[in-house]
Amino acid sequence: MSELMSGALELTGVGMGFVFSFLIILVGVMVAMSAVLTRFAPEAPPAPAKRRQEPQARASAPAKVDADTAEAIRIAVSKYRARHK
Amino acid sequence: MSELMSGALELTGVGMGFVFSFLIILVGVMVAMSAVLTRFAPEAPPAPAKRRQEPQARASAPAKVDADTAEAIRIAVSKYRARHK
Amino acid sequence: MSELMSGALELTGVGMGFVFSFLIILVGVMVAMSAVLTRFAPEAPPAPAKRRQEPQARASAPAKVDADTAEAIRIAVSKYRARHK
Amino acid sequence: MDKLMTLWTGSGLYNLSIGQAVMILVGLVLLYLAINKKFEPLLLVPIGFGGIMANIPEAGLALTALENALHFGRPEVLAALAPIMEVDYQMGQALTPELFKTFKGAIVDMDAAEYVAASGVATDFGYSSGILNSFYEVAIGSGVAPLLIFMGVGAMTDFGPLLANPKTLLLGAAAQFGIFATVIGAALLDGSGLMDFTMLEAAAIGIIGGADGPTSIYVASILAPHLLGAIAVAAYSYMALVPLIQPPIMRALTTKKEREIKMSQLRHVSRLEKIVFPISVLLLTALFLPDAAPLLGMFCFGNLMKECGVVERLSDTAQNALINIVTIVLGLSVGAKLSADKFLDMQTLGILVLGMAAFCIGTASGVLMAKLMNAVTKEPINPLIGSAGVSAVPMAARVSNKVGLEANPQNFLLMHAMGPNVAGVIGSAVAAGVMIKFLS
Amino acid sequence: MDKLMTLWTGSGLYNLSIGQAVMILVGLVLLYLAINKKFEPLLLVPIGFGGIMANIPEAGLALTALENALHFGRPEVLAALAPIMEVDYQMGQALTPELFKTFKGAIVDMDAAEYVAASGVATDFGYSSGILNSFYEVAIGSGVAPLLIFMGVGAMTDFGPLLANPKTLLLGAAAQFGIFATVIGAALLDGSGLMDFTMLEAAAIGIIGGADGPTSIYVASILAPHLLGAIAVAAYSYMALVPLIQPPIMRALTTKKEREIKMSQLRHVSRLEKIVFPISVLLLTALFLPDAAPLLGMFCFGNLMKECGVVERLSDTAQNALINIVTIVLGLSVGAKLSADKFLDMQTLGILVLGMAAFCIGTASGVLMAKLMNAVTKEPINPLIGSAGVSAVPMAARVSNKVGLEANPQNFLLMHAMGPNVAGVIGSAVAAGVMIKFLS
Amino acid sequence: MDKLMTLWTGSGLYNLSIGQAVMILVGLVLLYLAINKKFEPLLLVPIGFGGIMANIPEAGLALTALENALHFGRPEVLAALAPIMEVDYQMGQALTPELFKTFKGAIVDMDAAEYVAASGVATDFGYSSGILNSFYEVAIGSGVAPLLIFMGVGAMTDFGPLLANPKTLLLGAAAQFGIFATVIGAALLDGSGLMDFTMLEAAAIGIIGGADGPTSIYVASILAPHLLGAIAVAAYSYMALVPLIQPPIMRALTTKKEREIKMSQLRHVSRLEKIVFPISVLLLTALFLPDAAPLLGMFCFGNLMKECGVVERLSDTAQNALINIVTIVLGLSVGAKLSADKFLDMQTLGILVLGMAAFCIGTASGVLMAKLMNAVTKEPINPLIGSAGVSAVPMAARVSNKVGLEANPQNFLLMHAMGPNVAGVIGSAVAAGVMIKFLS
């Protein structure tokens, strides 16, 4: 077996082993973290959760207005069109 | 005649010659290209053409809405003003 | 007194002196500038001032429209809501 | 007349080599694929255009100042360079092609001090490096561009589906087998005598199977910069071909019944979990694989900016202005590596074949891993989401969804496939770290 | 087995020093403060994350190529470096901790030519500088990043309130006493034998009292780069703490009656005045304090772009894409200076204590100056706006407003406090110029 | 007292030379023109402000580390530099103005290695390069900034009108005669003995007639960097003056009847044609004029990004964030070349006169070419669109339209003038390539 081939095989073994080990540990950490967070820092139920996000919601605020705006405009436009058809 | 002057004249001759040659060739290429494209890849008639452009028209879509919006708003505003004057 | 301490005291004296001198001169310059500008390049009264800004107001134009728009929309939305409640 | 002659002998038409003509065609093909076939256009438009620019004869846009000086090969310049580059040449000696080859070969043999000195001589004689070369040095030579793009990708990635179902990380792990199988494939090709690969080259080619552009470019720039052009082109082309490559493999390895498996709805993931996740990944990287720290660190930083919710303006810039600027420069830089003498080589053919194999094997591994997990665990997994483990975000997840819908029109797998999909990004970065650890 | 061993001996867990572990914790605390307590998150998120990355063992992300070469300390590399760095070492000699200390100490003793040569050797052996180090060199080593941020800040600053009431500039001048008092404090601490400070270090620490991030970083990078990490962290943390630090001092130094003082409405400021103002400041700087020209020049340039009204697109970019990109890079660069050996030091403790003192003294000076002005001039000034003279824009002005509202719910001080607030920015830059003039 | 003295002897007022005072006035005039008269403000605001900053005495913002070291001229620094710079000086020798002149003259005589060594010595003594100099090196010294701006301009250019009427390319060709006539003019001025110009300088000045900022800066940075400041200022000022310069010439060379010529409506141009066009230009450049490849390549790349329709986000960034950032840095960099010793020179006067001549001759050539084409071809061309061939996009096209409307209020020439207008951009870049080919 060539040196390159033995090197490739060794790299494959160590590499896949390490990738799996790392991601399995990560699975463990994620599960543990979720458990801890759910227990000690439970997210408030939906409604208050929304409220909590508000202080920093400035960026998304326009989007919200837009929904209303869109409706208002849709109505205004349809009226306008109806009148000018 | 100074060396600088003879250099300048030569540069002018070669330069203008080259600029014209290059752009004349480019004219030829453009004419040929348009002929080839019109022949072998004719653009669909206006209506389908519009449809073809739509997938990527997201960027210009707001502009279109704006036109309608603007009218709607103009009307709404004038009404509002009429009422509050 | 350590060398560091004497250096620190000297730096403080010179530094605060310079900061105050610089800013006092700046106060003088600002007062003089305002006086000169008010005298020789008085800003037109509010209305014309507005007009003067218009040529380059493209960037701020939307803001202006927005004020009107906002009102129009507020009305439209409230009407819409009233009707759909 | 003299000047006209100069114009003609300095023109591209007079100097065009066959290799350059072919590479210009390759560039045009890449542009065609990008524009007409929508093959990852964000990268392939700049790469294709840069490839054409790099092959403009005499312009030297992709060459360093020293390479430009050698290309024009004026005797006095060569004579000044000869002692520094330790080439046996004296003014007046014939300028044979062998001589130029010797000079070009001597570039890589110089140490840093000699290289600086030789570049200084080239500068003294008025040569400068081409614009694409400048872009390459700043963007890829420094390693900065792929990392900044990875940061932007992090800022666009939602780990919610992965957090809701952590075990899909294993699918992302399994799919990395494509990477290492390709290294073995390169060793086989090398053994067959058809083409030569070193271990470094084999590893750099394998990473194509990771299906992550920035990771591929980062690894190639460290392990085998001379193959960077071909590797980047292969990586992005195959990512664009995912919808063609994957479905047959997925269908071949699964039964209709397996493809119809419905997965339970994903649980809600809290904001706090999403904030803690990138920090956890960073800490694990710090503890277990420092060599993956540049890639995973920047990726997690981008993701943290997105999720923490207090730096929206930085997150927005990372996802837009910054990543776009870097993409333009990176694409042109990759194009700079598409010069004829580096690309038109049997190795490039090998890269294309091996890269394709890497994708196929990775897809298969992901699907098979899902089947294995089904055999072991209770909660059923639709094996179609395994193929998404190669990453190629979000294309591979969409492919899983589409093949799933074919089997059962009510079975929406997209969100489930996003888990392994982003897991594949982490998996490839880990694999990259292992390779850099052992080989660089 | 061999490779597994390499993986383990190269892992972070195996190499983690106590200092690094502590610094990673410090990074996590900074992230917590930034994300959960909203402590200047735009800077502290990147600084905290960068701090963690900088302390990943073996990754060397914050080290130069030469430092990385010394860290791994292969005998052949050391032997090649020894003559250049004038260290007494020969191949085969024992690699004692003292030897490494000698090598590391020799870095600062080299002149520019030797440093280039040594770095070249490190590069020849395959070492490269870490990504955070590259960011640091480009962003802070060149001095460019704090200046570009200052330009962006200028483009966001409205000098209207200051122009309407120019004498509030004096409040911004008085508050700079915090800076110089801190220098005296550092001298006292040094005299007490508790910790050592040089004049340069004392000055760099004092500038924390200026309460301007970019100014602090700029001055620290010139006068005491080794303290930059601690200084930047202190500066931004205390700026975030302004709402806690200032009110007690403000209340202690004022009577209820003083806090209730109503100030007359600010006059309208014309567009032309706002255009002429940054140019005037630039010219005064040119005439009287050229050393403040980089800081004040870029600041005034940003402000002129904003006010002149004809380059909106440049002004927008300076306030958004550009400042965001620079903030990301600057934050990570500052993080690079949070390595254990530079941060875990008695000096850092001194910096934290002195920085806090600087803020308190600056606040008090501003308030007292306002009271002094009230005693001298006719038009009454609410002394609460004096505290805004430390800058920390716009936080300090908001604090003035809030404390004012407590005393009289109808008394809105915000606009009046914006005058001294932006005056403080100019004042700190002037103080920085004086320090650079005498000490660099 | 000592420190006060230092402050005074280090102040700008104490050190201000007459030249610097004049240049600061020039900077203020540029700001006035930019802000009040709307003279190309995007460039002239940064250039004017940078010009003022560059002339702040003692600040050295536009100087390299070596220039700063020479400026302060401490004997020990000079003694260390003397052997490297091959200047005859020994410690203790009198510091005469001649000595400083010799030192400054020696800067350009050093080769690259000596320059690095001398800069290293300056760094060792604590001198660093000013911020404007850093910007200059990065933005213009590398050639990158004008090319990136050209890319952004390409992404904003619509070649539709040119594609609809290809023969208007000839108008863009004819207008380049302004460039070459100026070279002859410079030779005449040189012959007259009034001022001296080299061939390189004459060519760099001529390119002002191309009426394209980035092209002018790119060519000047290669052929005559010492004239860059004056050339850039002239180029942008005259572009702003196009509405004043062109109409009299246009009216003088045409009859009312010619000005009333109506042109037939432009045909529709397909998307595919627009995509193929930039690629065609790139290929022609590759074949015939590789030296124009950097300029035309980047220009075509920008245009392709715009037209291909699949990389909107890159195209948007090229037209906004990227071009704005580069404009800020480029403008300040150009300002760095407005130092008194380089700008206050008879040559600058010559540049201003010749630049104006270039614009006038170019305008006339374009108009005359249109008349010639009318004499030869069937389809009538309104000669007023010929003047748009100088480029100055889109100002010159608007001027054509306006003068046309004066003659016939129903005659809208704007779209017809856009053809020669963008053709002028290509024409200037080709002329630039020819000059670089023969002279660099």
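Going by the order they are written in, the chains are A, B, C, D, E and F; count residues from 1 in each one.
As a convention for this text, a contact is a pair of C-beta atoms (placed from the backbone, for glycine too) under 8 Å apart; a residue touches a chain by one contact, two chains touch by 3 or more.
All values derive from a computational prediction rather than experimental measurement.
Undergrad: What is the chain whose Cα centroid lies farthest from the Cα centroid of chain E?
TA: B
Undergrad: Comparing the two chain pairs, does A-E have more C-beta contacts than A-D, or is it the other way round?
TA: Answer to which pair has more contacts is A-D.
Undergrad: Of all chains present, which has the mean Cα position farthest from that of chain C?
TA: Farthest chain from chain C, going by C-alpha centroids: D.
Undergrad: Centroid from C-alpha atoms only, then distance chain B to chain D, rounded to Å. What do you get?
TA: Roughly 35 Å separates the two chain centres.
Undergrad: Averaging only over C-alpha atoms, locate the centres of chain B and chain E and give their separation in whole Å.
TA: Once rounded, the distance between the two centres reads 48 Å.
Undergrad: Where does chain B touch two or more other chains at once, residue-wise?
TA: Within chain B, the residues that touch at least two other chains are 11, 14, 18, 73, 76.
Undergrad: Scan chain D for residues touching two or more other chains and write them down.
TA: In chain D, the residues touching two or more other chains are 3, 7, 116, 288-289, 309-310, 320-321, 434, 438.
Undergrad: Would you mind writing out the residues of chain F in touch with chain C in their complex?
TA: 3-4, 7
Undergrad: Using the touch definition up top, name the residues of chain B that touch chain F in the complex.
TA: Per the stated touch rule, the residues are 2, 4-5, 7-9, 11-12, 14-16, 18-27, 29-31, 33-34, 37-38, 41, 43, 53, 56, 59.
Undergrad: Quick one: which bits of chain A touch chain E in the complex? Just the residue numbers, please.
TA: Residues 10-11, 14, 18 of chain A touch chain E in their complex.
Undergrad: Would you mind writing out the residues of chain F in touch with chain E in their complex?
TA: Within the complex, chain F contacts chain E at residues 3, 6-7, 10-13, 16, 24, 28, 31, 34-35, 38, 41-42, 45-46, 49, 52-53, 55-59, 61, 116-117, 119-121, 123-124, 126, 128, 130-131, 134-135, 320-321, 324-325, 327-328, 332.
Undergrad: Looking at the complex, which residues from chain E come into contact with chain C?
TA: For this pair, the touching residues of chain E are 162-163, 166-167, 169-170, 172-173, 176-177, 179-181, 183-184, 186-188, 190-191, 197-199, 202-203, 270-273, 276-277, 280-281, 284, 288-289, 309-310, 312, 423, 426-427, 430-431, 434-435, 438-439.
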